[in-house]
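Two complexes come next, and they have one chain in common, subunit A, joined by subunit B in the first and subunit C in the second.
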Partner chain A sequence: MTLQAYQEKAAVCWADCKQRYAVFMANPHLSGGQKLAVHYFTVAMVLFMAQLLFGLLAGLQFLFPSFLYEILDFNVNRMVHINAMVVWMLYGFIGSVYWFLEDESGVEIVGLKWGRLAFWVLTGAVAIVVLVYLFIQFGAGNDTSLWLINEGREYIEAPRWADIGIVAVVLTFFYNVAATFAKGKWSGIAGVLTLDLVALAGLYLAGMFYVTNISVDQYWWWWVIHLWVEATWEVLVGCIMAWSLMKLLGVRRQVVQTWLYIEVALMFGSGILGLGHHYFWIGTPEYWFTIGGFFSALEPIPLVAMVVHSIYDSGVHRFKNSNHPALAWVIAHAFGNFLGAGVWGFMHTLPQINLYTHGTQWSASHGHLAFFGAYATINIAFFYLAVQQARGNVWMGGDLVNGWRWKTAAVLLNLGVLGMTVALLIAGYEQSFIERAVEGSTWAGYFAAQNHPWFMQAMVWRMVFGLMTAAGGGLLFWDLLEIGKGEQRPAAIIGDAATAE
Partner chain B sequence: MTEQVPRWASETFWKKTAIWVTGGSFVLLVILTFDSLSQITAGGSRVQAYGVINKDVSYRFDKAKQRYQPVIGGNAPLFGKTLSEEEAEKLVDLGKKTVQAKNCMNCHTLLGNGAYYAPDLTKAWLDQGWIAKESREQMMVDFLLDPEKNARTFGSNRKMPNLDITQPEAEAIVAFLKWMSTIDTNGFPHNFKAIGEEE
Partner chain C sequence: MLVEPVALSDFFLSFFSAAMIILSAALYAALYAWAKIKTRPRFYWGAWLAYAALLVCIGIFSTVNHFTGYWLWLSLSLAVGYAFMPRFIWRLCVATHAEEPEHSHQSGGRHD
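And then the complex of A and B:
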């Protein structure tokens, strides 16, 4: 093909995209906030695919260490894998809040055009950061590298310029949320959400400076990682879940709000000082053994409460709902959060066992199930709610045309992640036993454990289940693009009476 | 008919509880943070001053505490040069910055945190894999400068990639690793036999 033919093809493609975008923006079924939410959800799904792809590459390198050696090394693949995850979770949360903001406040979003601008700025910044990760990868040991390429701190590797951009975008988002609630109705959900966003943005600042002392570095680093993931994110998801339970099952507002306050009390009551379970081995004083051990052991309680609450509500409302895929993912969320964050976290949280499990595949096992169970699931549930509304609020049940797709995707994703979790747990047991307990944590001990057939078998199984997860992810993407097309039956209205109470 | 909700199950009761519990926990965390930071400042008992890189370092089981802990010995200057506290801090700082800029943490763990594709670096300075104390510094620098040629795969076929580390950066990383090995990590890693402590 000649260059001119390529240019013509690209022009046709671009015109087609523009037309599709214009059609989407004219969709009469979506409010302004919901259109912005769909923008966030779309990028979230693309990043989810990136997370899966780079996870597969990193997983393959455990089996074939020469694979992509010095082209895309493990550290690059792993960084893109975990960063894509963090960012798609945040995109999902922000999108979900924009989704229900007008419904919850009763007014149009204040300053929506700034919200839209923030979306494009953030998305542009994310694209640049990823390209730099992939093509520049690392720099010299100086401040310029930390400002422009990579900060080299797990999960928050984004260079400093991007940190500043992220804070600016989160502040815009906060302005949209707070100003809209201030103009409209202040509900219990609104109050919790607004305060939680202040904490979320404020905590990020704790990860935005450089220090030589690695103990101090990791002290503040955990403020961001732990207090986001095990406190403020959980509460944010609690708000999203509260609203979706009213919508999906018609649970009364008074019930969900009371539960939300109970969740906040239990989540922050255990999670804030539960931070101490990261302070066992980084140079911090011994009193963190007691404080971290005790409070983090309490962390599963709110997650048990969530399961009880969900089962109770589902029973009371006899599972009557008009979006089966969304409800299926909400159920996956309740159990996944409890198992992944609660049970898997509790299993190795006490210092007496953590001495042997800290820094092994135990953490990877816990991380996979917890992030998926607690956060990926609720985001996926919201994607289905959004698609339903975008298609004109049509019926979305198990008997849809091509209904096999969402069911198969859900089965593949849930089984895939659970399988990876168990495989990594076996690898973690083996490492704790051979590397730590028997060999005494030397480098020779580390490799003795890595080369052991038990470890290698676990890595093979992780790959098998990783492929299953990726297949599920691809199917989910396809399903979200297609589900509900051509469906004429209207959705039964379930939640409006409840949210209005 | 209005439903009678007991006080303990009411929205207001739990709203107040949530506020008090959150506020109380956060205040406690702030107090503990002040205390912890005062104890982990470089130069305190738990985290050594950077000049410790001029000393011999080991890691032994402490019978009274029933756990392993770093032991600081006599003079053993790094690369044969005794550094002032400021010079040592500058060197360790360059090492730490290089460790971040080269994204080491997405293969290795430091103080047990990071990724699990390569060994933990907490006590890397003390690892018996460096064979003898006398040759250790040079071996470490050579490895960092050309990890492919000087690969230490322990039969795993996993090799560290070449990260364009310069001579000064390599020496600084070694200084950072030596300093990090002196941090009192409450006995992590357990049962670790340091170089020179062979029975």
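And then the complex of A and C:
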């Protein structure tokens, strides 16, 4: 094929994309805010696929250490894998809030143009940061590289110019949310959401300054990593869930808002000082052993409390709903959050055992199931709610055309992540046993653990389940593009029918 | 150092008892709630059995993690907290749903 033929093909492709985009922007079923939300959801799904791809590459490098060596090194693959995860979660959350903002406030979004601009700025910045991650990650670290290439902090490696951009975008988002609610109606969800966004933007600042004392540096870094994830994200997801449950199950506003307040109290009560479990080994005072241990032990209590409410609702209301795929993912959220954050977290949270497990594959095992269960599932559930509305609020109950697709995707993704979690648990157990307890955290111990058959076999199984997860992710992507197309039946109304029992 | 690490021989017991604390607490909570919904005494027996298992797990967990002094407050908090939390949450469930009319569920909710 000649260059001219490629150019012609690209031009046709571009024209097709522009036409599809114009059709989407003319969708009569969506409001301005919801169209903006779909932009966020689309990028979120692309980043989810990137997360899976780079996770597979990093997983392969455990099995074949020379694979892509000095072309796409493990540190780069791991960095893109984790950063893609963090960013697609944020895209999903921001999109979800934009989706329900007009419905919840009763007015149009005040600064929709600013919201659109912020989306394109953020997406452009993410694209540039990923390219820099992939192609320019070598050489000495200095002030210039900190600003332009890599800030050097694990999980939030984005260079400082991008950090400033992220804060600016979140502030724009905050303005849109606060000003829209101020113009329209305030509600319990609105109040909690607005306050949470202040914390979301504010806490990120803690990861943007550099101090030469590594203990102090790590102290503030954990404010972003832990407090974002185990406080502000949890509350943000609580707000999204509250609105989703009203739509999906027809739950009364008063009920979801009361439970949102309870959740905020429980999460903040244990989650904020639970931060202490990250301060065991970074050189902070010893009182963090007690504070971190005690409050970390309390963190699963809200998850156990959730069990009671789940039983109550399933027993009394029997899960009558208007969107089966979304409800399936909400149920996956309940189990995944309970197991990943609750059980897997508590198993190694106290300093008496964390001394051996900290930073081993135990952490990766806990991280995989907790992030998937607590956040990925909720985003996916919301994507299905959005697709239903975008198709004209069509039927998404039983007897869906090609319903096998969402079911298979859900099974593959859930089993895949659970399988990876168990495989990493075995690897982490072996590491904490041999590398830490027997060999005393020496380099010899590190390599002895890495080369142990248990570790190697666990990594093979992690790869098998990783492939299963990737297959599920691909199927999910396909399903979200196709589900509900051509469906003529209207969505089930969760009104009288839902309580006729 | 303020803590004495788990002995090598107790690794599995520590992990397993920790997991079982959360799982038996969840089972206790689930059976308690189910017993309330179904009003069948045998589920209460199941709930109390799960709670007894929870207490055993807390005992093992506290022993292998060398809990002494104020660390024992954590054991007590787990035992008492998980005993009363399901009851507290159940009361909240009933109270928050108390004003719910028989056929009032409307998609989208309303601003009360």
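Simple rule for what comes next: the second predicted complex is superposed on the first by the 486 of 501 C-alpha atoms of A that agree within 3 Å, B and C clash if a C-alpha of one lies under 4 Å from a C-alpha of the other, contacts with A are read in each partner's own complex, and residues count from 1 in each chain.
The working rule: contacts are C-beta pairs under 8 Å (C-beta built on N, C-alpha and C of every residue); 3 or more make two chains touch, one makes a residue touch a chain.
None of the values given here were measured: they were computed from a predicted structure.
Just to be sure I read the superposition right, which of the two partners does A:Thr284 touch: subunit B = first, subunit C = second, or both, or neither?
first
What is the contact status of A:Met347 with respect to subunit B (first) and subunit C (second): first, second, both, or neither?
second
Using the superposition described at the top, determine whether subunit B or subunit C touches more residues of subunit A.
B
Tell me which partner A:Lys185 touches in the superposition: subunit B (first), subunit C (second), both or neither.
In the superposition, A:Lys185 contacts subunit C only.
In the overlaid three-chain picture, which partner chain does A:Gln254 touch, first (subunit B) or second (subunit C), both, or neither?
Both partners, subunit B and subunit C.
On the A-aligned overlay, A:Leu117 touches which partner chain: subunit B = first, subunit C = second, or both, or neither?
After superposition on chain A, A:Leu117 lies in contact with neither partner.
Answer with first, second, both or neither: which of subunit B and subunit C does A:Tyr219 touch in the superposed model?
The answer is first: A:Tyr219 touches subunit B but not subunit C.
If we overlay the two complexes on their shared chain A, which of subunit B and subunit C does A:Met246 touch? Say first, second, both or neither.
Once the two structures are laid over each other on A, A:Met246 reaches subunit C alone.
Just checking: does A:Ala127 make contact with subunit B only, subunit C only, both, or neither of them? Give me first, second, both or neither.
neither
Would you check which partner chain A:Gly440 touches, where first means subunit B only, second means subunit C only, and both and neither mean what they say?
It touches subunit B, and subunit C stays clear.
Which subunit A residues are contacted by subunit C in one complex and by subunit B in the other?
After superposing on chain A, subunit A residues 254, 258, 262, 286, 289, 355-356, 437 contact both subunit B and subunit C.
For subunit A, which residues count as touching subunit C in their complex?
103, 185, 187, 246-247, 249-256, 258-259, 262, 286, 289-290, 293-294, 297-298, 300-301, 303-305, 307-309, 311-312, 315-317, 322, 338, 342-343, 346-348, 350-353, 355-356, 429, 432-433, 437-438, 493-496, 498-500
Contact residues on subunit B for subunit A in the complex?
Contact set of subunit B toward subunit A: 9-11, 14-15, 17-18, 21-22, 25-26, 28-29, 32-33, 35-37, 39-42, 46-47, 50, 89, 92-107, 109-117, 119-120, 123-124, 127-129, 152-159, 161-164, 166, 169, 172, 180, 183-193.
Show which residues of subunit C lie in contact with subunit A when the two form their complex.
1-6, 8, 11, 14-15, 18-19, 21-23, 25-26, 29-30, 32-34, 37-38, 65-66, 70-71, 73-74, 77-78, 81-82, 85-86, 88-90, 92-93, 96-97, 99-100, 102-112
Okay, in this complex, where on subunit A does subunit B touch?
Against subunit B, subunit A makes touches at 58, 61-62, 65-66, 69-70, 73-76, 78-79, 137-143, 145-146, 149-154, 157, 188, 192, 210, 212-219, 221, 254, 257-258, 261-262, 264-265, 268-269, 272-273, 275, 278-289, 291, 355-356, 358-361, 363-364, 431, 436-437, 440-444, 446-448, 450-451.
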